[in-house]
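Got a structure here, written out as structure tokens. Questions coming.
Chains here go by letter, A, B, C, D and E, matching the order in which they are written, and residues are numbered from 1 within each.
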Amino acid sequence: MTAAAVLPAKKEHRLTDLGFWAEWAAAVGLVLLVVVFQILNPTFLSSGNIASMLVAAAILVILAVGQTFVVATGGIDLSVASVMTLGAVVFGQAYTMGWGLIGSCLGAVVAGSLAGLANGLIIAKGRITDFIVTLGMLSAASGAALILADGKPVTIVDTFLLKLATGGIGIFGWPVIIAIVIAVAAHGLLFWTRFGTHVLATGGSAEAATATGISTGRVKIAVYTIAGLLAGVGAILLIARVGAAEPASNTSFLLNSVAAVVLGGVSLLGGRATILGPVIGALLLTALTNGLTLLGVSQFYQPLAVGLVVVLAALLTRFQK
Amino acid sequence: MTAAAVLPAKKEHRLTDLGFWAEWAAAVGLVLLVVVFQILNPTFLSSGNIASMLVAAAILVILAVGQTFVVATGGIDLSVASVMTLGAVVFGQAYTMGWGLIGSCLGAVVAGSLAGLANGLIIAKGRITDFIVTLGMLSAASGAALILADGKPVTIVDTFLLKLATGGIGIFGWPVIIAIVIAVAAHGLLFWTRFGTHVLATGGSAEAATATGISTGRVKIAVYTIAGLLAGVGAILLIARVGAAEPASNTSFLLNSVAAVVLGGVSLLGGRATILGPVIGALLLTALTNGLTLLGVSQFYQPLAVGLVVVLAALLTRFQK
Amino acid sequence: DEGTTAGGDAKVAAVIKGLDNPFFQSMEAGINDQAKTSGTTVTVQAANSISDTTGQADKLTGLAGQDFGCYIVNPISGTNLIQGIAQLAAQKKTIVNIDSPVDAEAAKAANATPATYIGTNNVSAGQKAGEQMLTLLPGGGKVAAIGGTAGDVTSGARVEGFTTAVTGKLELVQTVAANWERQEALTQATNILRAQPDLAGFFVANDDMGLGVARAVATAGKTGQVKVISVDGIKDALEAVKAGQVDAVVAQYPYAIGQMGMEACQAAAKGATLPASVEAPVEVVTKENADKALAATPKPFGEYADPFTSLIG
Amino acid sequence: MINVDSVSLSFGSVRALVDVSLTINKGEITALVGDNGAGKSTLVRCISGIHRPQSGTISLDGEPLHFKNPEEAREAGIETVHQNLALVEDLTVWQNLFLNRELVHRIGPFAVLDKRGMQRQAKEMVSTLAVNVPAVRNRVRRLSGGQRQAVAICRAASFSSRLVIMDEPTAALGVQETARVEELILRLRDEGHAVLLISHNFAQVMRLSNQVWVMRAGRCVGGRRTEATSGEEIVALITGAKNG
Amino acid sequence: MINVDSVSLSFGSVRALVDVSLTINKGEITALVGDNGAGKSTLVRCISGIHRPQSGTISLDGEPLHFKNPEEAREAGIETVHQNLALVEDLTVWQNLFLNRELVHRIGPFAVLDKRGMQRQAKEMVSTLAVNVPAVRNRVRRLSGGQRQAVAICRAASFSSRLVIMDEPTAALGVQETARVEELILRLRDEGHAVLLISHNFAQVMRLSNQVWVMRAGRCVGGRRTEATSGEEIVALITGAKNG
């Protein structure tokens, strides 16, 4: 395009661009949802409720950030939720074996990272579809968790963890602050480092990335390890939240983490991503259940309402046309 | 390639081609699995056990066939399992309201097809990612099922359904025969009609398909409707099998249906598909749980074993290199 | 410990387990019916499914910020609701724990002991089923157990109770997980029947799966020959007992539990001191008393002690 | 025959087409030339129904066209060889050639693909153009750049149509293949079709076309009868050294 | 400098390369010509580490090369403009130009992308080649065919390398852009790089190259010094009318 063919206003350009809006579906949806819920029930935006919503969203945010890296390479990690379960069980076993808090936390993170690394290695070296490998890991990690824990939950009473779960700065609980730090770091990693560019290139066109000498295998291994590591961090927050390390799988986190990513405007085909989008997607999903509960919507109607809102949030962007 | 540059043997060509083996991972895995289980427990290949395995696999086969059409266009249907639940509940309500067997069956199939149609319309007209729309439908359909059924199962005592569930020809129960008929019809539809070619073209390159004048929107609507319709058929078999229409979510069918498709060598990117592959994938998954239970593998070790076998089945093809 | 609000505000919130299971629907009905007869308002929320621990926790924290006077909680695990409960305790709200107990140690750490606990111990329900199995199989034999989701607390407790009761007398050959799904239970039971041709009985962790197992037994032509015992007491299962498809059901009466939970809130609102723990009724329903049980359902057919009736006068 | 009347189209802030007007005549080869990014392919996509102009009209034999999608354009008799080829890589050569034009047997109520027939015809079609003829049962993914181009051209030329648009058809082709495609283009003209040819190869444009339109930065800056112009003049129009 | 010695490669039954031997010299432009599907791009992919030959060796300055992947080829100083372009469509122009060559600031232990610097340099690089210069912050998906080609050429030419391979670099380019690319190729030669040029444009080959190799159906059927041959002889070699 020559200079003559370019309209001058740069700002206008972004706001009239459909792609821009499509990427921010989640944000628009979140704002609308908040307005509706606040009108219907004024306690929705009370500081207490905002604080508890944020805490409730923290784990999902962290998992969604990990999932974003994987999805940016064009993959999908179906095992995040059960790797988190595995991390939690490892934490529980370590704690009862007297490794102490720090040792147990390390245990959880290392277990998560190793599971992620295994995913990445099998996908990169074995050249098997992400879907099948992580589906296998979903099963294998929950099996390993069951075996380790012998099927029984371990109650963990630790004052530090309890403070972690309930304390914070202002309306931001500690889990929220941890999630924010992780999201900011992830944004930096994705958009301000060579590694991040290579992640996007791998997702955009593995062929082209390979041709420029990027080792897409190594990139894949790295993103799955990141997803596993973050699942391990999620496990620690989960234990702080529910006060126990349980071997039962948290299936809802799986679909919700992918939903947050997609609602956040990240294409499952890979190559384009944001971190803010999935974070807002996670907040949207959390606000949705919170609001429906506050409004006292009957249990039977909640799934229907969730389904409709999710589709509407995605449809929203289309009206911008 | 000129005539001179082509090796003569056509057969050899297929068997030394890596792509060929990658497509048949499930078959190789199934054969190995059968051999191993048979050695460990000779009742595995008893005609009785084969018959009950086949019946147990029938619903999954039908769902996997529907999923294959969707995946061939590059989409994914996360709602198959809950649409099946919805179909079952509609059947139950119709039956108690005295619509009779045929009316109720029609009700289930129509409900499934409508849910699929809704998926397709929103995806094609609203241009929203398949993942989000069908995730919304997953939630919405199970919500609708809960509301319709008021959360309660309806016991259905019908001699015809009972015969359907238990009778058959030789080792092939009626559900198996229905599944075979559906698979054969699906194969014909996919590979011997214009529609099938258009499905593959849509998945291969929506841009190119559009440029040749194929309405990819209509193709998408059609495949989701097919998936919904088959979920409705699955609902009927499910009712015949358990003797009740329940609003409970059948989550395991969702991941298993996609796993069967991917194990069957169908790429989630779309554009290439077989019907036989997913059918074998479904059989593999069913044989796996059957065999593990026959061997008396502990419930804690089963998920681990399933995970490992799924990944190994996929890895298998790599050794062919 | 009383922990009531001074004004006697009886607005009640309840957080129970997944409503996709008739057991908890019956519990909800008990809560709602009692609220209606006494003219109290109640909001009932349930987890999305029986394994949705964090979702349930989110629901309780969502309700905790509102102006309810009394909270009825039925936690999925011993500790998953502990944060919300701590929040409630800090606000001096009444907490009534029903069905599954809140972990005592965790409650103490959170400075939040529920005002009362009403429920049946799942271990003892499993035990009752085990004892019934022993009377059904006086000559011993092989039995198998079908549990819910692997690692699930309720399922684990019921199977554990059953196991302790039959150890040494019956041979428990296999325990499988069927994800609380009837279809899955049917498939697994079929497989087990194949692997163990001389199996004499199934213990099933809930009724819905129990009906699937009964179907598998019937398909194999072994009804009556292979005993089926399940836990819960939903109506369909009682009918199946009557019809002879299921041999016995250990009924836990969630309706009565819900009703008593609501009564406890009313009593607390009146300023009464609540008993620390109330045993809810459990009955073993067999073919002999199935008619009586069906007639009374969702209430227990026998007598049971309800200490709250006197408290709310 | 085809009249493009002050068509404009912008992508966000990029004005790809600005008030473009030109005509394409029956039985003639019309060339469209211009620098990279001048807007040629975008104009082609407007005529073949992929984009819809934001203003202006395109009319066929005096009737304004309002294609909602490429299917309608194909039905109106407009076949296009797109620059990005628009082949489905995972389908075979014959499937691509007959895409959305499949031959079928009628068996009772069913229309079953006539695979044999299509393969036979596909072989004939391809062998007229390509030198290293690819097996028609190969997937397009495996073809070389020029083989793909040949397949795309075959597809556009093989179905009766009123206007054949070729966006840089010989860019990837070898000498022999180029010669065959030029023959094909001349044959299409002789059969009375209109041909719109986009090419950066001047020699080719001067050799084949009857009429040349020049685009520069989204505008159509001039049109000439080929016999009345020279390579130099066209280059001057393209670079802006001379104005229409 | 580069010696290709009886390299063969088959895809299933397609023998894309059969005993190909040729040499590429430093400070010279070597042309590789042949029909569509003759195997030119496949040979390029062997030299740049994408495919590994099934037999035969490729050596650089007498040392045999065993690239496991394109990264090693790039490290050895071999830059390639592939025929299928190998751009990441979802990344911007400047990101593509600096892909796997990103400039970074060091801030303590972190290496942070120098986005400004890369954008500035990218602008300069692109403006030397393209006429309708695309904004470097545009995603490649939005560029016209020729603009993409220009970006791919810029990338290969901008990093110090010993051998620059260009697979039909000017196929999609306009007159002005073609002229600039030809200038660039000559400049690369004058700077002492070796250039391997694949082109179907004979005039160009005769104008630029010092040496021509001809491929036919997977075989290298002959090589000539450009000054000692004519367009006719090359065509005869390509079509098989004459043998090497």
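The working rule: a contact is a pair of C-beta atoms (placed from the backbone, for glycine too) under 8 Å apart; a residue touches a chain by one contact, two chains touch by 3 or more.
Quantities reported herein were computed from a predicted structural model and do not represent experimental measurements.
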Starting at chain C, find the fewest moves between touching chains needed to arrive at chain D.
2
Counting one step for each move to a touching chain, how far apart are chain A and chain E?
1
From chain D, the most remote chain by mean C-alpha position
C
Chain pair with the higher count of C-beta pairs in contact (A-C, B-C):
A-C
Could you give the separation in Å between the centres of chain D and chain E, each centre being the mean of its C-alpha atoms?
28
Mean-CA-position distance for chain D and chain A (Å):
46
Geometric centre distance via CA averages, chain C-chain A, whole Å:
34
Centre to centre, by mean C-alpha position, how many angstrom separate chain B and chain D?
42
Counting only residues that touch at least two other chains, what does the list for chain D look like?
14, 37, 84, 132, 134, 217
Which chain C residues touch at least two other chains?
19, 49, 150
What parts of chain B, by residue number, touch at least two of the other chains?
1-2, 5-6, 146, 151, 251, 299-300, 302-303
Where on chain B is chain C touching in the complex?
41, 43, 46, 48-49, 52, 56, 59, 146, 151-153, 155, 165-166, 238, 241-244, 246-252, 289-290, 293-296, 298-300, 302-303
For the complex, which residues does chain E have touching chain D?
11, 14, 34-38, 41, 83-84, 130-132, 134, 142-147, 149-150, 168, 171-178, 200, 202, 217, 235, 238-239
Which stretch or stretches of chain A touch chain B in the complex?
78, 122, 126-129, 131-133, 135-144, 146-147, 150-151, 251, 255, 258-259, 262-263, 267-268, 299-308, 310-311, 314-315, 318
Taking the complex as given, what residues does chain B use to touch chain D?
1-2, 5-6, 188, 191-194, 196-198, 200-201, 203-205, 207-215, 271-272
Going by the contact rule set out above, which residues of chain E touch chain A in the complex?
48, 50, 69-75, 80, 82, 84-91, 95, 99-102, 104, 110-113, 115, 132-135, 155
